[in-house]
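Handing you this structure, nothing more for now.
In order of appearance the chains are A, B, C and D, and numbering begins at 1 in each one.
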Amino acid sequence: MAKVEKKRALNEETLRDFLRGMLLIRRFEEHVEERFRAGDLPGFLHVAIGQEAVAVGVCQAMEEGDVFASTHRAHGHTLARGTPPKAVMAELYGKIEGCSRGYGGSMHLYDLERGNFGANAVIGGGLPHVTGAGLAFKLRDEPRVALAFFGDGATNIGTFHESLNLAQLWKTKTVFVCENNHWAESTPGWQHSPVWDDMSKRALAFDMRSIKVDGQDVEAVFEAAHEALEFARSGEGPVFLDVETYRMHGHFIGDPQVYRTKEDREEAADNDPITRLRERLALGDDEFKAFDDQANQIVEEALEFAQNGTDPQPEDALKNVYA
Amino acid sequence: MAKVEKKRALNEETLRDFLRGMLLIRRFEEHVEERFRAGDLPGFLHVAIGQEAVAVGVCQAMEEGDVFASTHRAHGHTLARGTPPKAVMAELYGKIEGCSRGYGGSMHLYDLERGNFGANAVIGGGLPHVTGAGLAFKLRDEPRVALAFFGDGATNIGTFHESLNLAQLWKTKTVFVCENNHWAESTPGWQHSPVWDDMSKRALAFDMRSIKVDGQDVEAVFEAAHEALEFARSGEGPVFLDVETYRMHGHFIGDPQVYRTKEDREEAADNDPITRLRERLALGDDEFKAFDDQANQIVEEALEFAQNGTDPQPEDALKNVYA
Amino acid sequence: MTYREAVRDALGSAMRKDEDVFIMGEDIAEMGGSMAVTQGLLEEFGPERVRNTPISEMAIVGAGIGAAMAGMRPVVEIMYEDFLTLSLEQIVNQAAKHRYMSGGQLKVPLTVRTQGGAGWSPGAQHAQQLEAWLVHVPGLKVAYPSMPEDVRGLLWTAIYDDNPVILFEHRLLYPVKGQVPEELEPIPLGKARTIREGTDVTVIAIGPLVHRAVGAAKQAEEEGISVEIIDPRTLQPLDEDALVASVKKTNRAVVAHEAVTRMGFGAEVAAVLQYKAFDYLDAPIERVGAKFAPLAFAPVMEQFIIPQPEDVLAAIKRTVGK
Amino acid sequence: MTYREAVRDALGSAMRKDEDVFIMGEDIAEMGGSMAVTQGLLEEFGPERVRNTPISEMAIVGAGIGAAMAGMRPVVEIMYEDFLTLSLEQIVNQAAKHRYMSGGQLKVPLTVRTQGGAGWSPGAQHAQQLEAWLVHVPGLKVAYPSMPEDVRGLLWTAIYDDNPVILFEHRLLYPVKGQVPEELEPIPLGKARTIREGTDVTVIAIGPLVHRAVGAAKQAEEEGISVEIIDPRTLQPLDEDALVASVKKTNRAVVAHEAVTRMGFGAEVAAVLQYKAFDYLDAPIERVGAKFAPLAFAPVMEQFIIPQPEDVLAAIKRTVGK
């Protein structure tokens, strides 16, 4: 995807790039679901279907040199930041061509070259990292920012609060991106957080600047993320990005969602960020199909690459324990 | 101390009782300092000098059946709740007549009979307990409240946030009493918390009701605590009590306070809650001295009792590990 | 009855009997827990007693402690035992010590259930076996049942024990079926179970390794080695007498668990046995456990790390010099 | 130089040499730490590099990890090792595993210093010895030096090691004096130190027990027993060869630490020795550690719980049948 010119409205071509990015994630995730159901993929997998605009909007606003931490729901962030789909898919297959060489898996995608400090399967686990990395950038006076993605459910864990406190206190170069998709596994927002309908309140306890944004509108996400990143980059302090979004599918692949009403699913489906962007760009069926075909092709190539990848040797398990 | 009649202004006799309670704590702590310096007392000791109005105001507002959790700075809370000074002092001496039978020490005072669920030497350690106890009271529909004391420094630890979140979500019968004395050991408020000058902001992240009060004014503390307790007791939800107070002495006995300015100490000294109450009651020197003598006498008796207390047998150490 | 049903039955039975018992944990209500263990309990007991919690392991355990101190018998669930790391302050400094620090005034009748385990590529943060840590903490009781009957009886006992009990389950055990008595029978904490009698070597195994040891024992038998298997079931208190008696009989011992060998529970067992059965041992005590690495994702590496039946068999053979 | 000064010297020297080294922890700046270890460093290096933190052990360690991943070499302090329980998620699931889970891409050159220890009635929440837990975690290195020279050299090495290293200090050791070389000499992780040579029994001791063992050895000598003392210094990696070689020579072993005996580090050492020196052992390996209780406050009970020189002596005598 072409890098967006900063400080001016997004042009059509950029938005088309965003669409490509979002479609890549969507089709990637759909293929992953399909392959998991076919019994191809080991482990626990969580897809980001419905949340593609957050991944693309935020990651496109990041600069080279910025770093980030992701979560159990990491495919989208990783693809949006430019890690080749082949390397991501190969990781899900546990191949040495994978972005974590087969050691990590879906919940532990890494790509140091692109500043991916790791998807974290412990809720809140990456938040202190970006606080510390943001501190390092500040101490060294580097124009870099450390950013973390996390969900609404993650705002309940102590690690979240300790990290925000420290970041604000020390004005680290950090951005905290809360993807509020209204669910933590089977637990709806109202059942896990007293401020579930306005997560920006979480930042009040630290006097931290927060920016609220509609996560289904990729342009808005990009603008807000850009603003947050530049604020943090300038050394003025961290920012809490409160993103409203939707989880269109189950928590994990295979989740029957017994806990979820039809209305709730429909509401999510009605807020498809790809449909939104397609309408914004007024794309006809053919035009859209061309984008879509391209995305599917990339994913199919990735799949083939991954399926033909190399299994590690059993004894490789004893490598990389220490540097 | 006589139990205060609820829902009306405090009468003079009640305030005199409060003064007795505060003086008891002050003289108790002074004797403890003196005995520690003399080499009599083992362990780490933290006195509550300057914070007596909080202990007395809050504990007097509690009802029989209410429970509470305290901190490393626990002597005041424990005395104010009615545990005999002899039992507290004996505990500091590690005697079996102590309120924790010599197993606990200064940082682990207990008195189950009076609802003291324990002083906790881990910052934040008692906060989830009062959340859970407040939940139990709610589940059983009992008119009881669980209350926790903690310092400004404790508002930085994850346990604090997790506890407030859970309490508010479940509307447990809990009151959180933050004694903001502007210091966490050697670390001033501005160096440990971005909202150190208005701790009630900590409650905003949970939409929790908060009440701010001047902790050097025992009447005000009593009124605020009473309001908080009744709100929680009614089942409407927990309350965050934001109490401004002063630590007049060092963090622990023996602390040279190299980190503290003369001005800061003077400001604390100028805000002595005992002086405030004495003025409010317009007590003459003689009258005050009578109160004071009484307090000193109680403490001296406690000291004698403790010094003549019984040492546990070494093998007693293996008792009480399991119920 | 499966192991999963056995856990559910113990929880349901205790809640039916006793208003003071309630359960809380992440996603245990509508969803029935991430391993479907608590399915159906919400319907029977309602949301007050089957409580979904926010993601806050410290507060979950700590609130359980508070409710226990206030006289209830809460059972809390930590979804994966890796997340015990988020709640250890409350388990180790609080639950384990309140009775002691109060000189015997308080009690904390709390049960903490958790589960983990490899064998399905969960990756390095969703499969650790941490039971050894808890065994190091005076004031806690620790159980790790391997059979449906045991988990049902021990969980029941844990709930009614006046001390904090940590109960470890293993994901691969949930579908395992086993005979259980019609009536729920409490099983005392601290009593080992002899899974299989034998004369040449004693395998002391816990959790999934009990089942892997059974496989290994069958193979060993074909090679003429008679294997006794003992499952301590409770790690704290530990039924040292049963272990020692068996080893005095067989003169050889293998200790097996899925946790990392280094500093794992097998170290304690080996230390006890070499001390109490020193003159009876004809061979060094073998330890079987995970190799020294975090759990890799790729299945071939994962399987290499965790102990397999063949690893138990190889250890058995070494003890008899084959 | 005292042990305290040795720690301070290692920190100061590293910070002087290298802009990437900085320290953070509670009250380490103006106050110089709760044990006065970091006194003077604020004055020399300023508040950017000597950072007072809020009370938030998880974030302290986790921020250290993040800064380390970003290329720095932070040294963080956990004021009391009991509070490790609040940060284990970051130490165990994060610091220890990032390199592995990333397939070798990342490194985490973080040092975590902490201290604890009984002997001054700190009570049950301020004195636990938890080194055994960390030894169970692949990806971590663990050191527990007993001498000024060792703590200086090992801390230096820890700071420059590209892996997370947890360094345990003991409060009673801070005033202990010892010879140190003029120039700071790095000491490799994983090399034991022979404290004293002897022929009848090997005492493997760590932390304060090294010093208590020295006292016991002198008394034993008077009774005609020649005691060798080895301090592994690093618990992970463990210098098994040195321990085994010594025991093969003396044919008897005692393992001593202040932590609770059950599931303590001594269990691992005993398990290793009985395995690797099976044919050489003339007596069961003795373990000396704290009795199975939280640390009581009253001095008489506290002293009863923690291992004394007499306990080491008694264990020595048992090994030689006296």
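By definition in this document, a contact is a pair of C-beta atoms (placed from the backbone, for glycine too) under 8 Å apart; a residue touches a chain by one contact, two chains touch by 3 or more.
Nothing here was measured: the structure is a model prediction, and the numbers come from that model.
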item	value
Chain separated most widely from chain C, comparing mean CA positions	B
Centre distance in Å when chain A and chain C are each reduced to the mean of their C-alpha atoms	36
Whole-Å gap separating chain A and chain D, where each centre is the average of the chain's CA atoms	40
Centre-to-centre distance between chain B and chain A (centres being mean Cα positions), rounded to whole Å	45
Shared-contact residues (touching 2 or more other chains) in chain C	53-54, 56, 58-59, 82-83, 86, 89, 93, 100-101, 123-125, 138-139, 292-294, 296-297
Chain A, residues touching no fewer than two other chains	100, 102-104, 108, 120, 122, 125, 156-159, 162, 165, 169, 191-193, 321
Touch-based graph of the chains, sorted into line, ring, star, complete or other	complete
Residue ranges of chain C in contact with chain A within the complex	26-27, 29-31, 34, 52-59, 82-83, 86, 120-126, 291-294, 296-305
Residues of chain D defined as touching chain C within the complex	82-83, 85-86, 88-89, 92-93, 96-97, 100-101, 123-125, 128, 130, 132-133, 135-139, 236, 259-260, 262-268, 270-271, 274-276, 278, 281, 283-287, 292-294, 296-297
Contact footprint of chain D on chain A as seen in their complex	67, 96, 98, 100-104, 108, 110-112, 117-118, 120, 122, 125, 127-137, 139-140, 146, 158-159, 162-163, 165-166, 169-170, 319-323
Chain A partner contacts - residues on chain D that touch it in the complex	22, 48-49, 51, 53-54, 56, 58-72, 74, 89-90, 93-94, 98-107, 109, 138-139, 141, 161-163
Touching residues on chain A, where the partner in the complex is chain C	42-44, 91, 94-95, 100, 102-108, 120-125, 153-154, 156-159, 184-187, 191-193, 258-259, 311-318, 321
